[in-house]
Each structure stands twice: as structure tokens, then as C-alpha cells.
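First chain A sits with chain B, and in the next complex the same chain sits with chain C.
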Partner chain A sequence: MSMLHIVNKSPFERVAFASCLAHANAGDSILMIEDAVVGAVDGSSFSDKVKAAMSDKTVYVLGADLAARGLEGKAMEGIVSVDYAGFVDLTANNDTTQSWL
Partner chain B sequence: MSTKNFLFVNRKAPYGTVYALESLEVVLISAAFEQNVSLAFIDDGVYQITKGQNSKGIGMKNFSPTFRALGDYDITKLYVSTESLAERGLTVDDLMELTYEDADDDYAEKPSIILVNREEMAAMMAEQEVILSF
Partner chain C sequence: MKYTILVNEGPYQHQAADSAIQFVRAALEKGHEIFRVFFYHDGVNNGTRLTVPPADDRLIQKAWTELAEKHGLDLVICIAAAQRRGIMDADEAKRQGLDANNIAPGFRISGLGQLVEGGIQADRLVVFGD
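After this line comes the complex of A and B, so read on.
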């Protein structure tokens, strides 16, 4: 059973992103959208947690949200950028989704 | 109608926003459709089931007694994060005593609250087919 975790809140303002990482299982996928994309930036106080998650989970970011915030090219290596069609594919290819509101 | 494993994830404190009350409403609706329902209380969600809530002073309805009724709807699995309790200076003694009567065991009264750590919570989530977050 694979799960897609969707996060949309900045990890610097809310604990939702940290809670997501704490509860995701190995093999799960994590997708950052909306304000959560700031969590993709390398060298932040949160980036070590994302890097740790990438050891056994796949981390995605919605490219349009990253670009909107001027953060394209600042994402850490290993994070997979997806477009809206890729977002749909992720929801279709996982058994369940969980939104961390 | 097929039965699925439904999990309601509660991560917000009551009263400040409508999420907690809305979650409880949907939980009760799901019970009417005879699904296998579990609830999770994580982060500020643990404040939803503290005992001794008194909302008179803020002019809002205290909906915490409704959690006591869940057992009558066969909703008997309320998973509570031990880390979230500890981070907030709370213990299980600060929570309401939520129980259900086990029809398979001569209607013995049993606790509905199940204390779990993060690993156990994650494993429980992996068994779910539908997850609704509030």
C-alpha cells in the first residue's frame, strides 16, 4: 500500500509538514504544493528533515508553485518537480492520499 | 455496499476554527454508512478530547460530550499520539474517559482511546483506504 502525502503549509509557520514527515512510511510519496514549496529550498533550517525523508521516500514539488515564489533552482537535489498533470498521475498511482492541512 | 477503512485525522484544537466540529459531524455521518471508522488525534488535535471543557464563556457549544456517543455508533478506535500529548504537557489522565460496550464480550465496557507513538500511528495509517484530514 503506497500513500501520497500532500502538504500545503510552510514548515516555518505550521507543524503540519514536520508531522507529515514524522508519520510517512518508507516507500510513500510526499508532494509539496502552495506554501509548502518553501520547504524544498536547500540550506534552510528545515532542509535536513526533508533530506532525511528522501532516504526512503520520494519527495515531489509542484513546479508552478516553486516558480511563482521565485524559488526554482533553489530546490535541493533529489526533489522531483512535477506539473499539474504529474500531480494527477501521483494521485492515480498511489493507493491513498492524505492531505496535511 | 462495500465497507472500507476510514480514518479521520484531527490535528487542530477545538473552538478557534470550525475544523474539529466539522470533523465530528462527518464522523457521525460515516457511521451511518456502516464503514470501519477510526479517528486519529495528532498535534493540537489532542485538545479536542480533554476533559472538563466549559465553553459557556465564549458563547459556543461544548461539543466534546459528543465524543462519548461514538461508541454507540461502533466507532471504538480513537488513536491518540503520545508525543503530541507529551509536547503539550498533557497525559491520558487529562483526556475524557471514552469507552464502548463490546457486543462480542457480554457488553463489557472497554476504553476507546488507544495511545500510540509515531511509528505505531504511521503503521495504522498505512492500513487505511480512505483518509480525511481536518
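After this line comes the complex of A and C, so read on.
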């Protein structure tokens, strides 16, 4: 049973992203959208947590939201960029979705 | 695949309403079915026809109405959340003794049971909010 975790707030604004990483199971997928995309950038106080999650989960970022914040091409290696069609595929390919609001 | 979408945030508040519209468009383009879009909490503000954003801004309410007209979407506004925020259809305005209504074309007002049914009937429930 795989789950898609959708996070939409910056890890520096709310604890939702950290909670998500603490609860997600191995084999799950995590998608950063809206302000959560800042979590994709390397060298922050949060980036080690995202890197640790990537050891047994797949981490995705919505490319349009990354670009809208001037962060295109700045996502850490290993994070997969998707468009809205890819976002839809992630919801279809996982058994269930959880939005960390 | 069959989807129900839950929108918990108003338009122009942050980005959730925009994200939901983009997701619905992408899902429809891929041939998926949108069983229902349910608007709850401040999300009910997506359904007023009286929004007039500046000319160079996006028209979120109109985008929902156009999607509903083009694809026959079922856009449902939670009645309790709507009444708190002054979103009324003609019947509710009359029942409450009010002099106007403001629901946008393509939307309808109903109860929370519609969200529960949407969750049961759809293969996936995707939530957008703040």
C-alpha cells in the first residue's frame, strides 16, 4: 500500500513537512508543491532531512512552482521534477494520497 | 480513474485554488473523471459570481465556471460554510429573508454528505488547502 504525501508549505513556516517526513513509510512518494518547493533546495537547515528521506522514498517537486519562485534547476540531485500531468500520475499510481495541510 | 477534489482555501488567499484548478485540468486532459469538486471552509469563496479581480489578474471563479460548463463538473459548496461567509443561492437567500444571492454559474450548494459520498464513490480524494 503506497501513499503519495503532498506538502504545500515551506518547512521554515510550518512543521507539516517535518511531520510528513517523520510519518512517511519506506516506498512512499513525497511531492512538494506551492511554498513547500523551497524544501527542494540544497544547503538549508532542512535539506539533510529531505536527503535522508530519499534513501527509501521517492521525492518529487512540482516544476512550475519551483520555477515560479526562481528556483528552477536548484533542486537537490535525486529529486524528480514533475509537471501537473506528472502530479496526476502520482495520485493515480499510489493507492492513496495525504495532503499535509 | 475517478477523482473527488476538496478545496479548503479561498481564491487569491494563497495558491491552493490555483493548484486545484491546474490539477483538475491536467486530470481531465489525461482522460480521468472528476466525480465532484467540494468547496469547504474558506473554499466556498471560489463560488461567488461577484468577484471582480483587476484586469491583469486571473479569474479564478470564472475558471471554475468554465470548467464546469465544458466538462459538466459537479461543483458543490458546503451549505454551513457558505452561510457563514455570505455565499447564497436564490432558494437560501429567500429562506433566510435576504435581498440578494451571489452563487456563480456551475456551482450548487449542498451538505457535507456530498463530500462523504464523493470520497466513497471516487478512486482518489485529493485535498487542496492552506
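We take it that the second predicted complex is superposed on the first by the 101 of 101 C-alpha atoms of A that agree within 3 Å, B and C clash if a C-alpha of one lies under 4 Å from a C-alpha of the other, contacts with A are read in each partner's own complex, and residues count from 1 in each chain.
Quick note on the criterion: a contact is a pair of C-beta atoms (placed from the backbone, for glycine too) under 8 Å apart; a residue touches a chain by one contact, two chains touch by 3 or more.
Predicted model, so just to flag it, every value in this text is computed and none were measured.
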item: Side-by-side fit of chain B and chain C on chain A, or clash; value: fit
item: Which of chain B and chain C A:E34 touches, first, second, both or neither; value: second
item: Which superposed partner A:Y60 touches (first chain B, second chain C, both, neither); value: neither
item: Chain B versus chain C as contact partner of A:N25, first or second or both or neither; value: first
item: Which of chain B and chain C A:T91 touches, first, second, both or neither; value: second
item: First (chain B), second (chain C), both or neither touched by A:F17; value: neither
item: Chain B versus chain C as contact partner of A:L101, first or second or both or neither; value: both
item: Which superposed partner A:N8 touches (first chain B, second chain C, both, neither); value: second
item: From chain A, separation angle of chain B and chain C (C-alpha centres, steps of 10 degrees); value: 60
item: Lowest inter-chain C-alpha distance for chain C and chain B in the superposed arrangement, angstrom; value: 6
item: Touching both chain B and chain C, residues of chain A; value: 96-97, 99, 101
item: Interfacial residue positions of chain B with respect to chain A in the complex; value: 9, 11, 19, 42-43, 118, 121-123, 125-131, 133-134
item: Residues of chain A that touch chain B when the two form their complex; value: 1, 3, 15-16, 19, 22-25, 95-101
item: Residue numbers on chain A that touch chain C, as the complex places them; value: 6, 8, 33-35, 64-65, 83-85, 87-89, 91-92, 96-97, 99, 101
item: Touching residues on chain C, where the partner in the complex is chain A; value: 1, 3, 8, 14-16, 19, 22-23, 25-27, 29-30, 32, 124-130
